[in-house]
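Got a structure for you, written out below as structure tokens; questions coming shortly.
Labels run A, B, C, D and E following the written order; every chain starts at residue 1.
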Amino acid sequence: MIVNCVAYQDGRKLADIQVAEISEYLKRPECFVWVAIKDPTDAELETMRGEFDLHPLAVEDARHGHQRPKVEEYGDSLFTVLHIVELKAEEAVVAEVDVFTGPNYVLSVRRGTEHGFAGVRERTEREPEMLRHGSGFVLYAIMDNVVDRYFPVVDALEVELERLEERIFSGGSPKAIIEELYDLKHKLMVVRHAVDPLIEATHRLYGGRVPQVCVGTQEYFRDVHDHLVGVSQGLDSLRDTVGTAMSVNLSMITLAENEVTKRLASYAALVAVPTMIAGIYGMNFKYMPELEIPWMYPAVMAVMAALDLYIYLKLRRAGWL
Amino acid sequence: MIVNCVAYQDGRKLADIQVAEISEYLKRPECFVWVAIKDPTDAELETMRGEFDLHPLAVEDARHGHQRPKVEEYGDSLFTVLHIVELKAEEAVVAEVDVFTGPNYVLSVRRGTEHGFAGVRERTEREPEMLRHGSGFVLYAIMDNVVDRYFPVVDALEVELERLEERIFSGGSPKAIIEELYDLKHKLMVVRHAVDPLIEATHRLYGGRVPQVCVGTQEYFRDVHDHLVGVSQGLDSLRDTVGTAMSVNLSMITLAENEVTKRLASYAALVAVPTMIAGIYGMNFKYMPELEIPWMYPAVMAVMAALDLYIYLKLRRAGWL
Amino acid sequence: MIVNCVAYQDGRKLADIQVAEISEYLKRPECFVWVAIKDPTDAELETMRGEFDLHPLAVEDARHGHQRPKVEEYGDSLFTVLHIVELKAEEAVVAEVDVFTGPNYVLSVRRGTEHGFAGVRERTEREPEMLRHGSGFVLYAIMDNVVDRYFPVVDALEVELERLEERIFSGGSPKAIIEELYDLKHKLMVVRHAVDPLIEATHRLYGGRVPQVCVGTQEYFRDVHDHLVGVSQGLDSLRDTVGTAMSVNLSMITLAENEVTKRLASYAALVAVPTMIAGIYGMNFKYMPELEIPWMYPAVMAVMAALDLYIYLKLRRAGWL
Amino acid sequence: MIVNCVAYQDGRKLADIQVAEISEYLKRPECFVWVAIKDPTDAELETMRGEFDLHPLAVEDARHGHQRPKVEEYGDSLFTVLHIVELKAEEAVVAEVDVFTGPNYVLSVRRGTEHGFAGVRERTEREPEMLRHGSGFVLYAIMDNVVDRYFPVVDALEVELERLEERIFSGGSPKAIIEELYDLKHKLMVVRHAVDPLIEATHRLYGGRVPQVCVGTQEYFRDVHDHLVGVSQGLDSLRDTVGTAMSVNLSMITLAENEVTKRLASYAALVAVPTMIAGIYGMNFKYMPELEIPWMYPAVMAVMAALDLYIYLKLRRAGWL
Amino acid sequence: MIVNCVAYQDGRKLADIQVAEISEYLKRPECFVWVAIKDPTDAELETMRGEFDLHPLAVEDARHGHQRPKVEEYGDSLFTVLHIVELKAEEAVVAEVDVFTGPNYVLSVRRGTEHGFAGVRERTEREPEMLRHGSGFVLYAIMDNVVDRYFPVVDALEVELERLEERIFSGGSPKAIIEELYDLKHKLMVVRHAVDPLIEATHRLYGGRVPQVCVGTQEYFRDVHDHLVGVSQGLDSLRDTVGTAMSVNLSMITLAENEVTKRLASYAALVAVPTMIAGIYGMNFKYMPELEIPWMYPAVMAVMAALDLYIYLKLRRAGWL
């Protein structure tokens, strides 16, 4: 579905144009065409390939989707694959944005997400002096927008981890904690797969030999790269901490077992000692003088209670009960 | 066994030719020979060495098989070793494909797999404009085919892991789970050994100085490289997750032990308390007034039952039972 | 808030100047302006941007704060982000210092910390021959000061770890130890995030192509780099040791469980044996000759005591009690 | 001890020569001398130093032995240290081969192994066209032979690991398994120390600037390098798998503990329930009507037996017994 | 404290000279001055700075001590920091040696160790042809001496580890073992911090662009580098093995717990069964015909003993006792 198809000149919007006119406008050197499509059909992609004269391998990638994030040069144009990560109902969902960037055009192909780049277009149109930088700046604006969406995701995962940490140390159900840590780790991996390949790719847009369309906007791509490195570092910390939290949780489980064993031993002691004494006075010897003494029965009962109280206090002090 | 032996000219099939004619056709500069053999005898390899004038070390490698995946330059020709991984009956089986690529020939030697490259040949023959790129494009087509076969293998292993995860969290037999995780890890390693060495090798086919036969098809090899990196990333995630699953499983085992100990303690308590009381009234003191009271026996029995009920409810609420 | 705004000439303080005069002084080639601001408002930053003609992206970063430590070149000026780490009430708190360094100016923007760079300014003003090196030397002096503040933090964390180690081996509460090790690891990560990005960044200030403002002071930046590497190595060791301490703690917990189980078994044995014997003499057989013997009761009691003493001594020697 | 001392010309053996003649033969440019010595005395090494004009540091290394595997250039000659690993009586034993390679000589010094390079010499002498490549080819032949000896060692360690895996999963003694895994890991380390340093060293014999004596035989050294990488990869897998096996073994131990605890609990239950019932009927209440009923005793016994059968069956079904 | 202050000419000792004469001798181009000082005062260092014209930053580092090992170029001179590690009373103690190397001088500053470099000086003076290489060779001789002192330290740690391994597998106190492994790991880290930074630093003394004072002695520094790599590899193995030993120890602890639980269960069974039987014959039923039979008491006792013997033998065979 075509979302937008606009021609710009000298940093300002010229007109909404028809798809069939694109190749016309591209021939005007002072002109710049920016098209956004969404969940395209094969026919739409084929039309675009014709109008923009895109490389077949890149179009193939855009058709199939499920590419790794990357930036590839085809002659004087760039093919960029970006992943958008959204947290929906405890799941990390990945959407894909493919951007074809030529000397005087940008074509963005979005799949599987409702959140488009209308805001990017609006903001860019308000700054003609920026838009005059051409397609490189638009590519930057789109990447910047995608990268900015990673931050709230990482923040949400950090909050989730902090809640889990609290539960670990305050004695939450270890089984549920393990399962949620495991899920969290999985989500981290999904975000990492979106972020990490882009780091190296964006680096090539400002350092060393820079693709033609990015010349003049290197400092902007360095900024994107920098944000990506920040996100990646945040993910590294999270991942490391999740690993530690898992092993801490195992320690907590083992500790809990210690507690249980201690309680088991304690209660056993409290019951076993009176049982033993009662057993002794249950023996059938003829000559057991105590048995004849009237106050002996309450005395023995008192001894039992006293012993249990003593054991109880000792165990309590030892922290077993 | 010779599977195919075909000469091409100008992107189109010329004829099925005899092995002995190969060197003849190779002398015609506009001609291109593509031979596929399968589980070759030493004699067949020797014939090929003569016809194509192959390097002895490369032929040696093809004869012995069991090489690591690699791409080696011998003068103006390339020797490529590829591994095909197939999952058969819970086992990861490795087959080998060796490809000799010269300026105007491709010789593929397949071992240990039924699945050949007939499809690759058909599709390539349908695209004469591609075949005109020469041997480099054929090498690409074969590599692309081999790499495409890794994806379903990785998918199958992912499904296997997901099933194991479910069993871990739903309380499946930990012993069987350990053993299957261990097997899964082994299979991952087999696939990794097929994929990883190729990543670096394919990189050299499009970046930096490119071998002569690959000139003009670099973008295709970059695509192969990209897919390999994707597969490798998938394997990395799997491997990482298997490791985590193993440690989660250990936590689950320790948790299960906690459960058992708690139950042991609970049942012991339920039995020990009545035993203790019974022991007390089994003592032989002369003066135990309760013993004379007619309703005392049922009363004591009721106390025992009440105590057990109380203990049972408390343990139940504590989650020990 | 403007903390200082001073013009220097020939290595000596010329005058405290007004913000509005800055651009005037910057035009004099022999002049050098050093401004320090603290928790700036957007308006102050905007003024500074105008006076110093700063790059919008750098000013943007300084406005938002929460940047990763970095050194970025914008034309012939440098934008540096430094993190100051302070330990406050068991927490590692991060403050940020942004430094804009041009050919003849230094602007430092400090956020979230009371500890400024007055000392740096004083010391630098006492060494006119150094200050004559210009803005590069001032940048070095500020960085050196920031890096020097990492050492006491690392030392404090080392002391904390040593105390935890003592508690681990002397049998402190494993639960508290786990929690504190976990906290310590978190603090280490905070310091690491301040230090590690700077290592690579400072390297570019003395090795290879050096930014213009640092020419002539490379040996000083190498010194800063060296200190950072030292801090980083200290953090690596700490992190590694914390990991080991965690696993040692788990071993200690498992060992403690062994102890508990042994004690449980020991006490059970001490009580169970007399109970068994008492049970035997509590049987109601008609013909049990021992029951008639007067000294049998004390004898059996003595046997019980002797057996328990024997068991006790054996268990004691085995280290179970 | 001198094992061989032979002069070659034009790829063919000229004569067995005397040690004192070596320097004579070396002066003839078309001549090539290949000497093999074994467990040399200091005097022998000194003689060799004189005849071949070897570098003192290299001779020093050869005298002391216990060097790391390496390839070092001294002017136009190479000094190579290789490790041979042999499995003897469950131990990994390391022998050392030092090879001095000059433009027209090869001197191999072997220590601590019975297995020499007679086979290498024979095979090389049968291929005069290869021997014509000169000392580089002989160095290759020796290295190839040493590297070929690693494969059976790795295979033997793989078999050992497979046997251990079987024992782990079929319930072998965990203590013996730990100890053997530990030993296996140690042996892996010994082989790794022989292999890994050579990988980087051999790389320098075919890639980039190649030492003079290796020019013309780069493809052969690439082959050696390739085999070493294969061995190293095999060792990596083994090492990784041993680590996993160790942690699996720990899981198995924990699982075994679960089993023991379950059995302990089960048997305790089977004994405790009848004991409790017997205790109840051992109470001395005057009014216990059951005690008067003649069939009550067998009835109670039957109840005890029935309860135990019920408990037994339930535990059996739960897998505790 | 000045230990030595000697001028050399043409490879031979000229004279012991006064500190104040140093700058005089340095002016003679054919002359070479070698000074050794120990635990210097600030005044001594200041004198040296003046005489040798040392760089202030390097002198600053030497004054403070506690630098990381490093090699730094200041113009045409080198500043080298080396760490000496000594094992004293179960502790790894670090001493520091700072070496200033100029075109015609060497100044070594030693701190915190009794073991100086008198031996190095003697040996070097005996080899005038070596000393003629100048200050580079002296620096090599000192570094070589320092590196040679690492080997016995690594050996001692290896012996310590082997003893711990024996204790692990022969059932030594796991608590003491953990603590000693932890200590050992700490010592390894101390040695590693001395060795690792030097590896990279020495590499720059023979590979790529070499500092002027090292030209002509590169092969010697390569030798030092090689030894350092060997030490580092040994430390890596040790560290890896200590980690494994720790986890093996945890397995042993868990295994020991299994043993304890089995014994607990066994002894419980041996006591519980007779107790149950005694309980049964302690019941007060009127009609229990066995009670009247004279030989029944000894018979029941025999049955108890027989049952216990049977249980004992079964448990013994199962390895529980």
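Everything that follows uses one rule, which is that contacts are C-beta pairs under 8 Å (C-beta built on N, C-alpha and C of every residue); 3 or more make two chains touch, one makes a residue touch a chain.
Worth saying up front: this structure is predicted, and the values here are computed from it rather than measured.
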item	value
If a chain touches chain A and chain E alike, it appears here	C
Superposition rotation for chain B onto chain C, Cα-based, multiple of 5°	145
Gap in Å, rounded to a whole number, between the CA centres of chain D and chain B	25
Gap in Å, rounded to a whole number, between the CA centres of chain D and chain C	41
Residues of chain C engaged with two or more neighbouring chains	247, 250, 254, 257, 261, 264, 268, 272, 275, 279, 282-284, 288
Category of the chain touch graph - line, ring, star, complete, other	ring
Sequence of touching chains round the ring, chain C onward through chain E	C, E, D, B, A
Complex contact set, residues of chain B against chain A	165, 169, 219-220, 222-223, 226, 229-230, 233, 237, 240-241, 244-245, 247-248, 250-252, 254-255, 257-258, 261-262, 264-265, 268-269, 272-273, 275-276, 279-280, 282-288
Interface residues, chain D side, partner chain E - complex	55, 57, 67-68, 70, 72, 74, 174-175, 178-179, 182, 185-186, 189, 193, 197, 246-247, 249-250, 253-254, 256-257, 260-261, 263-264, 267-268, 271-272, 274-275, 278-279, 281-284, 288, 290-297, 300-301, 304
